[in-house]
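One chain, chain A, appears in both complexes that follow, with chain B as partner in the first and chain C in the second.
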Partner chain A sequence: MKAYFYMVKIRMQLSLTYRFEFITSIFVQIVILIANSFLWRVLYANKTTVSGVNMKQMLTYSIMSVLISCIFYYDVENGLRSRIRRGDIAIDILKPINIFAMYFFNDVGNALNAVIQRILPLLLIAALFIQLPLPASPTHLLLFMVSTAFSFLIMWLMGVLFGMINFWVINLGPLGNIKEMIIRLLSGSIIPVWFFPVWIQKVFSFLPFIYTYQQPLGIYVGKFTMGEALFGIEIQLMWVLILYGGYRIMKNRALKNVLIQGG
Partner chain B sequence: MALIEVKNLSKEYKVVKKKSGLRGAFAGLLHRETTIVNAVNDISFSIDKGEIVGYIGPNGAGKSTTIKMMSGILAPTKGSILINGISPQKDRQQVVKNLGVVFGQRSQLYWDLRLGESFELLKRIYQIPDETYKSNLAVMNEILKINEIIDTPVRQLSLGQRMRGDLAAAILHSPPILFLDEPTIGLDVEVKYAIRKFIRDINLKFQTTIILTTHDLDDIQQLCDRIIIINHGRIVEDGSLHELIKRISPYRQLVLEFYDEVPEIKHEKAKVIKQEISRVWLQFDNTKITAADLISDLSVNYTFKDLSLEEPNIDEIIREVYSKT
Partner chain C sequence: MIKKILHHLDVGCLYLKLTLQSQMEYPMFLFSWIISNPMQFLVGAWTLKALIDQFQTINGWNFGQVAFLYGLGSITHGLSIIFFIQTWGIGWAVTEGGFGRYLLRPLNVFFQFAFSYFNMIGITDLIPATIVFAYGCIQISFQWTLINTFKILLVIIGGTLIRGAVYIAVGSIAFWTKRSGSLITISLTLMEKNVMYPVSIYPTIIQFIFTFCVPLAFICFYPVSELLGMNTYFTFPGSLCVWTLGIGILVYFMSMMVFKKGLKHYDSSGS
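What follows is the complex of A and B.
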């Protein structure tokens, strides 16, 4: 267990060494933050509420969406891809430890970093130039945090499943990027799914995507009743279990199938 | 029981035949011809505690494949491996606890962190007790001068320094077995010397069993009591280097240098094999006549300025083994 915590520490230390990457990416997020706020102001120009959500809530939603996207940034997928391609995965497998748990804590380190290095400054900028994104109530805030933690697990497990495909297919090509785009669009990270026709909402409710962004964000702004919020979190838990089951099966097969490149 | 038991081990790779050109690439999308390559073909050997074994063979002979199977990275197609009585395929975590592995071409160190930080992580991964960790670091410092580089980020280390770091990292948890896959590749003479000393020292100090693959036959000559030669996936030699040399090339050479032209030399137990203006190479079988006897015989009949004895050239012997198999 100590090793996993040390991994978190190492990751936090490492991210401090890449200052240039940090500055450029936070700049991009500031632009997205501000562009989003203009978009929603225009869309709400003549209306007070749309689908039971007013403009203030919607601005909070879009700000929080950018903030939590910082946490959902994980290494595991690209990490597996490059480590398998270059054959460095061999080094990891030689350790008497669950390598995927190691990657997980590496990404927990990333997430903790994101809170300090990105979320706090972005929150400050949003509060100064757009509005302070307040939760609907302290209870909503608490549920939002639980829900976000589950979202992180869902995102991470999808990442690790995609990453593991590299054990069989040497070059996954742009499939990973396509997955990112699908999540971006279908998760409600940009436009909440409740603006879509009912039948699309129905279909989406059976897919894992809206349980990554829309679920915690909807809770935060108070779009969901307490009952809806709790039910949503249960579905999130269900997806975590399904994806975890998939991960267990894939993991055992992958490690039997390892083919180290070169050497 | 032997520490490492390898029995009838085989590994097949499926290799996709790629056709040339754009047309070939398209054809490859529809129909793929695969050929099966036997990287390792039915090999068996066992290694006892405390041995240093040189595992050698030409490029692509199956050395690294064997090492990878023994360390549980790669699953064998057939056959069995037991490390300390445990199969690395069945219980990887248990086996790798007892292994230290160094790949000359890969590093297990964290590129952006101080060398010491990688060590600290390993300490936690292998759950090394504080005292063991400290005493092992002290030993490493003695042999590899680790303290000089422990605070440097790994990316700023030279290749030789990095290799010192990697070797230290591999034995921090005092593994009874060490696999070294080309540890001296691309290193200068001085670092090579340090690494050979390291290998000898830890073998003496901890009774570590070491399997060493290398193309540098000096490594083998100076370190290994035993060599296993593999070629085309099969073991072609397994025994002491000394025996191998004696068997393949029982001859030694005596070089004589004269003041002026070489006279005609006759001796019933030596043969002239090469001659220059003032130098002559005599080949003799040292099981039939000792060098001392030959020299004293010759000095009775001839006057020469200088002499030297040449051992059989190990590179040539190994090359002969490779080409014959």
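What follows is the complex of A and C.
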């Protein structure tokens, strides 16, 4: 009997650690939030505006960057990997629904969950210790929300495209990490691309990355004029369509290519 | 005594050979790290450069100085990845019963654990870190005198030990909680924030914590401040590079004690 109770104890400890994992992951985001705010404060110590942005705007930018990163957390990429590896994908395909739509709404659920579980506490902490990240105007807020929705679609579609590579190679390994890192560094999530030399900004404007973080955040803090903001959202829409086209092509080929190992 | 040391050396070399062979087995895995790790450092340094071009300095540190700091700090990161990464998996070894195997062998458990794995992927951190460091050295025309070379050596050893000690101590928490992966993430984030920018950008209370509670500022901020002649809020008698080594050795032994205490708590739960 003792052995069985021991198993119960281990299970309970493991489930407690899930809560523990959650608290620590929030803690990491708080550390990033606060450390970045001190960095910007020091950088702006003797300056009012740099590249047309002042300290207050930059602090709001960095706070909002951490906040929206919470909803850009999606299962689909790793989910596809593990389901393909274990062969569970076969069961999903048998279901009389579009499996990718299923994954999508699963991730929409995750995002909504993140708003309550992560964004609200982080917003509270940011407001208490840094500043209340207010939008430039109600119109900017509205455009920001539209733009963030497009960002979510772009991120999700990139995740799906990457996840689908697993249909061919079975295990992508850490290549997914490379993608994550590129997005983190080149999307303006830490440092906006407008601080980079002009030629780099030109190059980046032809890549999808800055349309994930920098576009909505730049709108929120009022860096972009209305015209620039709307134009940026159009480009976001264009990227959504391009990536969606890529998804349609890959999906049809992938499902023909399903190789089930085990399951 | 000598026989004992030789035996430990022998076992260590065998472990090294085994891990090298096993890591060569998955070339694709290795390949993607070879791309992603250097990119992370170089792009990281490059974003710092873009920032400093715009803002001139970070709290009085120019890009050459920041590159020196970041490069040296990242060298110790690469070394700690090579020597200490297995501590990240203590939680796994506890729930899967991996320690049962170590305990059965007639060799010190801490030794087995510490030297059973050398993660060669750390080299992919080490190379770009050295490049950034070398760039920083050239930018600030660092004088490679005998004494400076010796000091850098002390910092590299001390900094690696501090990082290793944090990993061992944090990893050992898994003996009680069964998991400590997310705590490792916290430590990594905190270390990065101590290495990428000078610690002097933070308010005094945070500097105090990183100096006296969790001495992460000693990994490279304090010794580099001495080498580059920058001012620090808290001052110490004697060379800060020697302090780094001393604190490194101290915290390493402290973490070893935590590990041993944790091991007593260990009850194999897997098979």
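Everything below uses one rule, namely that the second predicted complex is superposed on the first by the 244 of 263 C-alpha atoms of A that agree within 3 Å, B and C clash if a C-alpha of one lies under 4 Å from a C-alpha of the other, contacts with A are read in each partner's own complex, and residues count from 1 in each chain.
One rule holds for everything that comes next: a contact is a pair of C-beta atoms (placed from the backbone, for glycine too) under 8 Å apart; a residue touches a chain by one contact, two chains touch by 3 or more.
This one's a predicted model, so the numbers in the text were calculated from it and none came from an experiment.
In the superposed model, A:Y6 makes contact with both chain B and chain C.
Within the superposed three-chain model, A:M55 lies out of touch with both chain B and chain C [touch as defined at top].
Legend: residue contacts after superposition of the two complexes on their common chain; A:I235 is shown touching neither chain B nor chain C.
In the superposed pair of complexes, A:K95 makes contact with chain B only, with no contact to chain C.
For chain A, the partner that touches more of its residues is C, with chain B and chain C as the two candidates. By the touch criterion stated above, A:I32 is placed in contact with chain C alone, chain B being left untouched. Once chain A of one complex is fitted onto chain A of the other, the partner contacts of A:N177 are limited to chain C, with no touch recorded for chain B. Contact with chain B, but none with chain C, is seen for A:G87 once the two complexes are overlaid on the shared chain. Residue contacts after overlaying the shared chain place A:A149 against neither chain B nor chain C. Of the two partner chains placed by superposition, only chain C is touched by A:F195; chain B is not. Chain A residues in contact with chain B (one complex) as well as with chain C (other complex) are 6, 10, 13-14, 17.
Across the complex, chain A is touched by residues 26, 28-29, 32-33, 35-36, 39-40, 43-44, 47, 50-51, 53-55, 58-59, 95, 177-179, 181-183, 185-186, 189-190, 193, 197, 201-203, 206, 269 of chain C. By the touch criterion stated above, chain A contacts chain B in their complex at residues 2-3, 6-7, 10, 13-14, 17, 87-88, 90-91, 93-97, 255-260, 262-263.
Residues 6, 10, 13-14, 17, 20-21, 24-25, 27-28, 31-32, 35, 38-39, 41-45, 47, 50-51, 173-175, 177-178, 181-182, 185-186, 190-191, 195-197, 200 of chain A touch chain C in their complex. Residue ranges on chain B touching chain A, taken from their complex, read 13, 64, 68, 71-75, 92-94, 96-97, 99, 101, 103, 105-108, 110, 112-113, 117, 120-121, 124-127, 181.
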